[in-house]
Amino acid sequence: MFSSRVSVRLRAAVAVGAVTALAAAGCSSSTSSKSSAKGNAPINIGLITALTGSNQALGPDHLNGFQLYLDTHNDMLGGHKVSLKVGDEANGGAAAVPVAKKMIEQDHVLAIAGIVATPTIQAVVPIATAAGVPVVNTGGRPTVKDVSHLWTMSFMSTDPGASMGPYMAQNVPGSVYAFGPDYQGGYDQLRGFTDAYTKAGGKLANDGGKATFTPFPNTTDFTPFLSKVKASGAKAIYCFYTGQNAIDFVKDWSQSDAKDIPLYAAGFITEGGALKAEGQAANGIITTMNYSPDISSAANRQFVSAWSQKYNGEAPPATAMYSWDAASVLDQAIAKAGPNPTPDAVNSAIKAMGQIDSPRGTWQLSADTHVPVQKWYLRKVEMDGTALANVKIGDLATIGS
Amino acid sequence: MGAINTHFVPALDGVAYGLLLFVAAAGLTLLFGIGGVLNIAHGTLFALGGYLAASVSDGSWSSAFLGLAVATVGGTLCGGLLAAGTLPLADRGHLPQALLTFGLSLVGADVLTTVYGTDEHPVVIPKSVNGTVQIFGHVYPTYRLMFIVVASVLALVGTYVLGRTRAGALLRAAADDREMVGAMGYAPWRVHAALCGAAGALAGLAGGLGAPIIGPGPDTADKVLMLSMVVIVLGRPGSVLGAFGAAIAVGEIETLGVSISSNWAPYLLFGLMAVALVVRTFRGSSAVGAGAAAGAHA
Amino acid sequence: MRIPAVLLSRPVRIGVPGAALAVFLLIAPSSFDGYGISLMSKALALGVLAVSVSILAGYSGLPTMGQAAPFLVGAYTAGVMSTHGHTVGVLQLLCGTLVAAVFAAATGLVAIRTRGVAFLMTTLALGELTVTAAGEWRSLTGGTDGMYGITAIQPLPGMAALSSDRSIYWFVLTATVVVIAVVWWVLRSPVGKLLLACRDHEARMRSAGHPVTRYQWLAYVAAGALAGFGGVLMCTVNAYVSPDDGSFSNSALVLLAVVLGGAISPLGALLGAGLIVATQDWLSGPFPGHGPLLLGLMFIVAVYALPDGVAGIRFRVPKRRGGPA
Amino acid sequence: MTDVSSVSANVSPGSADASSVSANMSSVSANMIEVSGLTKAFSGGTLAVGGLDLTFEAGRRHAVIGPNGAGKTTLLNLIAGELRPTAGRIRYNGRDVTRTSRVKRSRLGIARTFQQPTVWSTLSVADNIALAAWPHSKVRGKWRRGRYRTLSEYCERYLETAGITALADRPAGALAHGERRMLDIGMALAAEPRVLLLDEPAAGLTDQGVERLLTAMRALPQEVTVIVVEHDFAFVSAVADTVTVLQDGKLLATGTPTEIAADAAVRTAYLGESGVVPDAVEEVV
């Protein structure tokens, strides 16, 4: 029964290992808890992003945009040297809880930036709110009960669809087939589209008049879903996909019966690495986004040139821009929060912030939802010089409330 | 007619997808069914093959073949590494090997993202197979059509090698009784190394061949592993024909099944898998009387 | 390396690591901050899940890859109760355990028919189906975004709500100690012998007239109930539940925790879970994104360094039987 | 694995007219086990048992002998319920048990031992016996420690009978082959069966062990029916009052040990010209 000789050593080894490991955790926590901001002493900022798991293709841009801002601003935010504490949200949700607790309890961060997946927001924001730490979020934004400490740099999950809906109702001569992944962000994105689209008089071509949701993350072959589009008589497709799903969807679309039916989408489908992987298959896709690298403004030129200098002449993805803005918002808020900034002071300073000058143009945070009130642009994938790029072809509505 | 027309492409695609799964799972079923190693790092080898093929591809036929060669060699080398790692565990049952390969897959995933980043790497395939063809009025990717042919040939070759050649006979003997192979004058470690190498080569080759369909990215390893496990368990480990049938079935479930009942799409794969496993166990138990060894190996 | 006989006596073997763990669990919170304490709470909740896996994989010879499913059911039960205003911790534990037991009783009818790798894959399939259902059943579970901002519980009616990581820790610790003591007591009783005998030689048990399938079904239900208990604790610790809590990787990690802990030792399973949490959440802190790498290295080392921890689990593969004898 | 060179030792030449001995011998005792048309075909087409009609009378000591592959162990497996027959019926004490599970058959009073003695290796010898007795004991609530102790104490007699009292606290996995064989037999006895199926019980035992086994078998209550499959004809002669010879899954002859030893057909088929069983290849379990 319990009589193996080795299992004694094993038991002892595991016990000793676990105890030392956790004890060491305790020690390190007690030493690091001394750090507090004094004068222009260094400050800690947390950044949560997906470095592993099903969203890892999206994660690095959140980090890189923030880091680029620090690189171009002497590693300072609001006059303080910044020590960036990066945490991995993995698949999103519960995995981020210890990460956030560590940032708040051990690193005493002034604010938490980043967050890719919406479950992570739901898991982290209550913890941060309870501790009074502002969350400056750069990924998709779901509906949240208490937004007092949540500031979104990107958009409300329903916004991209809401901006595209009326445009497609007017410009597509017939019905539209809608697709999205079957997670909450996907539901929100498609709800934004279908509500706005049907309100503007459009009609979905899908079976039963409801958008089609594909299993996430297990769908690798979209062909069976796409095979229904042509028969439905749709004149266009609208979809929301990101990361690997986006690449697979575009490739399958470009080689299916539906390839002659124009593809409209929320902009993430052709952002950054996805566009590179899709290649010519993506040519001609029309997307909606609150950013395009070819916007001409001083702020954008500074951002684009810094990015392309660091990343082999590539155009920056919108996500990196949100993260850049997160750093920029924190920069201004911390500066206003006085020589000894506290999370609460930073939160109040963000709240008091007016117009924000950003690479995407000026925008401001909605007082209700803490989401940008901003302009959405219509973009088309075209050859720009030697490479494909998301080229701005028009303006859509300004959205936000 | 209307229904046939609607479901024609999914049904055809099911064959292509099934064959892709078959090619992907071949290395796993070989190593598990015959070598007794449940290689959790199998998906990682597949992804490695994909990355390697992608890194040399430039759209020419020569680069495509070079890509396949590089992927196969890379897979073989990693298979050798696997052989070295699992050999000391040979007498300790399946779990230590599964645990080791699970560890290796985690380490491998980290290495791959460190080297190749988190973006999917596109494979530039030769122009002549990059387009689409018309079949019965439907558009279908040329590459997948070609893949059906290539994978069928691979399946036939595999069945032939395993069923009709001396090496195959040796491997089948090894599956039944490893000591006997030793008694026949082959050092067990050589059989083990050859199996691991062959399984690695198959995984690498599959990664290279499949890269234009399941492009190498950070998710590839997990997805391929999961689907391959489903295929080999449904097809009974070690059985080429079984794996083939199971792969086509899973392929059709994921395409035709989804097309017919898209509302149930999220549940289809695992639901049917659970049903199949239980039904088979029931049938097996009545036939063999639930003997000491669980289930019979047909 | 020879070990003196006195160190091998039973009190020393179980007592020393047990006592070390007890002392650590009792004094550590005073030197830890909220983060460290919440990690310990998480390790305990995951440890209860690991013990449930050890009942199946170690004691009953049923290596499961889907034990996170009843864990998820328990966690959601607690979440749903909290959102409907039922915040008494003990009540949540009871209900979560019960609902998970019912869930396991139903899924067990299917799973228990299979053996070895087929059992592994059937439980994996059931786990994935549960996760999918949790994501799709949005009216109850809140979908893939999960249930969030879950109200803090009060341990017993009339007591104050647990507002700090520290008070949650004491609640989780108490609950864990109670339930592990019960499990320990049961497994050391003749019931444990029955399970071990089924694991050792199932066919012989049947030949001797034991209704093995019923025993294993009961073990499956009991393990499911225990996992549900752990799920309620996890919900209390995280104040958040999402389908990801029931993911395949959770099931796999816990199975590995059991392997690390020596398969048939509840204490070992608990320590194994602690080691995994320490590696994944704490050790990887300075290397964001490399948690899996560290876990992977740990497994590789464990395979070679702890052979007997690994050998305790029987992992049977369908094998060709001999012809007529 | 078993060396059976001693088999022929006690075979004495007997009268030559025993080949006509039929299976339907008249008897006062009831038929405990009755198989009719029993057939078992394995996948691959091997016919292990082909249309067997046999009766095992209550309270008698039956031996089943035959060359390897004759279907002896398959017959035991069919009676015990480890295998389902392809065709035919099995009756136990007048009741049709063809489709009854082995768990149920065990509970009805059919116990068996195995060619390769099987025990629960992580448990102690005493626990092995107690667990074997468990389903057949009238003690209620055996899952409780106290009741289990009662059961264990009661079971000490079987340890004694099997001669393994000294090993009671040893893990069964640590036993030598012969000790494990005796434990297997002790476990079967602990079930207090009405029908006891022994699959080559003497194989691998020392002379002392065989002696112990013989004593144990003689000590069995008279009403217990014993069916023993055995190679060792000396052992068979010592314990059996009826011997059944199988060949290629079919009945060759039935009779007393003396009659069988004298049977010409049996001698050719089974004992061979030299009187030594051609047993170079042992069957695989």
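Per-chain numbering from 1; labels A, B, C and D assigned in written order.
Heads up, the rule we're going with is that a residue touches a chain if its C-beta (ideal position, glycine included) is under 8 Å from a C-beta of that chain, and two chains touch if they have at least 3 such contacts.
Protein identities per chain, from UniProt: A = ABC transporter substrate-binding protein; B, C = Branched-chain amino acid ABC transporter permease; D = ABC transporter ATP-binding protein.
Keep in mind the model is a prediction, meaning the values are calculated, not measured.
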Selected pair, greater C-beta contact count between C-D and A-C: A-C
Chain of greatest Cα-centre distance to chain D: A
Closest chain to the centre of mass proxy, which here is the mean CA position: C
Whole-Å gap separating chain A and chain D, where each centre is the average of the chain's CA atoms: 72
Whole-Å gap between the CA centroids of chain B and chain C: 31
Whole-Å gap between the CA centroids of chain C and chain D: 44
Junction residues of chain A, two or more chains touched: 1, 52, 59, 182, 215
Residues of chain D whose C-beta touches two or more other chains: 82, 102, 118, 122-123
For chain C, residues contacting two or more additional chains: 132, 135-136, 196, 201, 203, 206, 292, 307
Footprint of chain B on chain A - complex, ascending: 52, 54, 56-57, 59-60, 182, 207, 212, 214-215, 217-221, 223-225, 227-228, 231, 244, 247-248, 251, 255-257, 259, 272-274, 276-279
Chain B-touching residues of chain C, taken from the complex the two chains share: 63, 110, 113-118, 121-122, 124-126, 128-129, 132-133, 135-136, 201-203, 206, 248, 252, 256, 259, 290, 292-293, 295-300, 302-304, 307, 310-311, 313-321
Touch list for chain C against partner chain D, complex: 189-191, 193-194, 196-197, 199-201, 203-212, 322-325
Chain C partner contacts - residues on chain D that touch it in the complex: 40, 42, 44, 46, 48, 69, 71, 73-74, 80, 82, 101-103, 106-107, 111-112, 114-115, 118-123, 127-128, 131-132, 134-136, 142-145, 148, 187, 191, 283-285
Residues of chain A touching chain C in the complex: 1-2, 4-19, 21-23, 25-27, 29-30, 33, 51-52, 59, 86-88, 90-95, 97-99, 101-102, 104-106, 118-119, 122-123, 125-127, 142, 145-146, 182-185, 187, 215
